[in-house]
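Consider the two complexes below, in which chain A is the common component and chain B and chain C are the respective partners.
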Partner chain A sequence: MRVRARDVVKAYGHTIALDGFTVEVDTGVTGLLGPNGAGKTTLLTLVLGLARPEAGQLEVLGHDPASAGPTVRARLGYSPERDVLPPHVSAADFVVHMARIHGLPVTAARTRAADTLRWVGLGEDARRPLGTLSTGQRQRTLLAQALVHDPDLVLLDEPTAGLDPLERDVLVSSHLLPEIERVADAVVVLRAGRVAAHHLLGSDQATGEVRIEVDGDAGGLAAACTARGLTVHDQHAGRLRVHAPDDRALDTLRDAAVATGASLRRVQREAPALADLYHAATLGGP
Partner chain B sequence: MSDAHPGRGDDGSPDGGDPAAQPRARLADLGVAAYDGPRGGVAVAVAALATHTARRLLGLGRRPRAKLVPLAVLALAYIPAVAFLGVAVLVPEELSALLTLDVRTLLSTITVAVAVFVALTGPEALCPDRRHGTLTLYFASGLSPATYLWAKAAAVAAVLLAVTLGPALLLEAGSALVGLGPEGALASVARLGRVAAAGAVLAGVYTAVGLAAASLTDRHAVASGLVIAALLGSNIGVGLLDAAVAAPAWLPLLSLVTAPLELVDRLLGTTGEVAGVATTRVVAANLGWLAVLGGLAWWRHDRVRPS
Partner chain C sequence: MSGGVRAIAAVWWLVGRTQLSRARLVALAAGGVVLVALTWAVAASGGDAEPVLNRVGVDLLVPLLTLVVAASALGDLDADGSLVYLWLRPVPRWQLAVGALGAVGTIAVPAVMVPIALAALVAGLGAVSGAVTAATGAATALAYGAVFLAAGLWLERALLWGLLYVLVWEGPVSAASDPRR
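Our next item is the complex of A and B:
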């Protein structure tokens, strides 16, 4: 488990930023979604060990970041939302410097900085001062400095570029739903400092709906499913959707197909649209 | 990624050759490979940051204009010692004895150069990190506000030691070599130790002044003004108080100029303008200044959070 939070509370004065926040972030890319003020940046601050929660337990890479901050941060890569690059330094020199700050020897820092900058697509422009690079190139430099030391977990706060090829464990805070939907394995939606939703994207846990196509009319199969206690939606011609949230329901669906002699052409779990999940989580009742 | 090969047929075999007999080359996009080499801890990070900062303070790897002030200050600091030693070597002993230059006088002179250097260059240690937000990245690494400040303090102090310690040691060692130093090897070594401590005191206090001033703002020019205001202001304030009321003997130690120079005097076996105050109080005053100024810098940096 990369991040484990249980009943975490963090307040700034009278403002409660995280209010009993509980979540477990596993491997892969996890999107952190939520409106402004939902507590995303506060969570990243706590994960980095730069602030201490008032209550609850937080574990990052097996350590308490509040008490083992340097140990945890040495294994993290972080790319902030704000442009924090010094304009007069070249991208190459800056990434080498950050690799050194993360403890890499000089030679390894130079080699890895060159590799990482090439990988994020900076190439020859890495020799130019950062102040002369485009916004996109500066974003890529931020990503490079977050990856150069091969961290165990990467924290990206509102990145706008370079998410595509990340085959790493990443916790990414973003408001770009399509981008997150494309790259994330899971999403955590925050609302008012609490977890409003936690979904594994592309998994069957999200909706429990199964889309079925049969040869001929699906009316018989729909009736058999209903008779066996399954809920059927949208039956039309050879298509229907059945609510089958677990393996037992799937077994019932299979039995119904066998009993009616339905010729199955397609059986597919239906993944929810992230936008629907997000809006349901952020606009739902308390 | 690509397995197209110049000079091969469609089947990938060399022209006219047996495809099965030829191994096929293949390019693969490996991305950024995992790193399983050595990783240093916080000490390495501190050393890397200190080295990087010291280079910036000296203008290394920067525009020629950035090198101007450090080079000028270094020259200003070394010229008196080198000139004195030159005279001592070149002219008869009787004449050179008349042109004496002791370490106390040299350090007093150098203090002006140190103050100018701290005011003009010292803010470069902290201000850009705050101004550009790079501090966020440092604090997201193994560094903490305390270790970050230790690295910056080490960098500033190392550069200042080149100004305070180098010329004084050069003068002392040179004087010993031309026969103007203390009698005996042990006495010479002890004297060098005292001179080194005196240089370290000046470098330490002025480092704290520079870092404290620079921690209050992200503007270089404002920080420079704050350094000058702290040095001159404390000195003028003490002077005004001393003239206005029956001030206690230790009052001059509230001056950032007087306090370190008084300790330098004590280390070199003399006393300055606060002769009536015990050396322990002089030491305490300097430690107090270090604590106040260092604490201010730490407090300012401990409040930084990702944005």
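Our next item is the complex of A and C:
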């Protein structure tokens, strides 16, 4: 488990940023979603060990970040939201020195920085001063400095650079739902300092809708399903969608197919759209 | 090289590099030129240039030039958010402070020593006396550097507060309270 939070409370004055926050973040890419003020940045601040929760337990990579900050931060990579970078320093020099601050010898730091910058796609532009780079190139530099010391867990706060080939454990705060949907293995949705939803994408969190394709016309199967109490949507030619949220409904669907002699070509559960999950979690009742 | 020394060296380089802007270098050079020119003018007119060197050079120029470098060394990084790159590394805070002070000293010490040494030469001070004055300026710059470095982190508009301190306290107030006067 990369991050484990249990009943974490964090307040700034009278404002409660995290209110009994409980979550377990496993390996892979985890998206951290939520409206402004939901507690995303506060959570990252606690994970980094820069603030201490008022109550609850927080464990990052097996340590309490509040008491073992340097130990935790040695194994973390962090890319901040704002791309403020020293304008007169080249991207290559900046990343080399970030590696050196992590304790890498100068030769190893140069090698790692060059590899990382090439890997994030900066190439020859890495020799230019950071003040002359485009926003996208500066974002790539941010990503490179977060990865150069080969961290076990990477924290990305609202990145805009591509996340595709990270191939490591990442906790990414973002409002770009399509990007998160494309790369994340799981999402945690925050709302008013609490976990409003925690979904593993593309696995067990289905909508209950089953998409079916048959050879020929699906009208007979649709009628049989309806007769057995199932709800049928969008029946058209050889396709239909049936609401079958559990195994019993699937058995009924199977029986309907056997009874009508339908030749099934495809039976697939529909994964929920992340936007639907997000809106349900953030707009739902208390 | 140990990890701590590597970290200090890296912070020294990064902070120093961010401070080496053209505007700051011009400001430092201009201060030095003013001191040398003033000392030369007094010496050329037959006056005693040593008090000018001490009052304008050591008492005024050293804190002013050091302020220009030190107040922004960590203060600017804190203000624009880029201090996070140093803050979040697994490095003890004192190593960050030592690296930053080293960067301030690397820029401020030559910036005050060279004009003071030149002004001492122009003022006709002996080599030993000139060297002692320049070394005093360097040591003072380091001490001021530590104070202004911390002020840059703790105070908003540290440059303004520093200027007020130097111009009011180090100027009229200390002059009025100087028993030699």
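The rule is simple: the second predicted complex is superposed on the first by the 235 of 286 C-alpha atoms of A that agree within 3 Å, B and C clash if a C-alpha of one lies under 4 Å from a C-alpha of the other, contacts with A are read in each partner's own complex, and residues count from 1 in each chain.
The criterion applied here is as follows: contacts are C-beta pairs under 8 Å (C-beta built on N, C-alpha and C of every residue); 3 or more make two chains touch, one makes a residue touch a chain.
Remember, it's a predicted structure, so these values are computed and weren't measured experimentally.
Overlay on chain A: chain B and chain C clash in the combined arrangement. By the touch criterion defined above, A:D150 lies against chain B but remains apart from chain C after alignment on the C-alpha atoms of chain A. Contacts of A:G13 after superposition: neither chain B nor chain C is touched. Within the superposed three-chain model, A:T45 lies in touch with chain B and out of touch with chain C [touch as defined at top].
In the overlay built on the shared chain, the residue A:P178 is in contact with neither chain B nor chain C. Touch criterion met: A:A108 reaches chain B, while chain C stays clear of it.
With both structures placed on the common chain, the touch criterion links A:W119 to chain B but leaves chain C unconnected. Legend: residue contacts after superposition of the two complexes on their common chain; A:G229 is shown touching neither chain B nor chain C.
Of the two partners chain B and chain C, more residues of chain A are touched by B.
Note on the chain A alignment: of 39-47, 165-173, 183-191 or 255-263, the part of chain B that runs into chain C is 39-47. According to the touch criterion, the shared surface of chain A, contacted by chain B in one complex and chain C in the other, consists of residues 48, 50, 69-71, 73-74, 76, 78, 80, 82, 84-86, 88, 93, 97-98, 100-105, 145. By the touch rule above, chain C contacts chain A in their complex via residues 1, 3, 6-7, 9-11, 13-14, 17-18, 20-21, 80-82, 84-92. The touching residues of chain A, counted against chain B in their complex, run 41, 44-45, 48, 50-51, 69-71, 73-74, 76, 78, 80-88, 93, 97-98, 100-105, 108, 112, 115-116, 119, 145, 147, 149-150, 155, 157, 165, 167. Contacts from chain B toward chain A in the complex involve residues 31-35, 37-42, 44-45, 48-49, 52, 61-62, 128, 132-144, 147, 305-307. Of all residues in chain A, those touching chain C in their complex are 48, 50, 69-71, 73-74, 76, 78, 80, 82, 84-86, 88-89, 93-94, 97-98, 100-106, 145.
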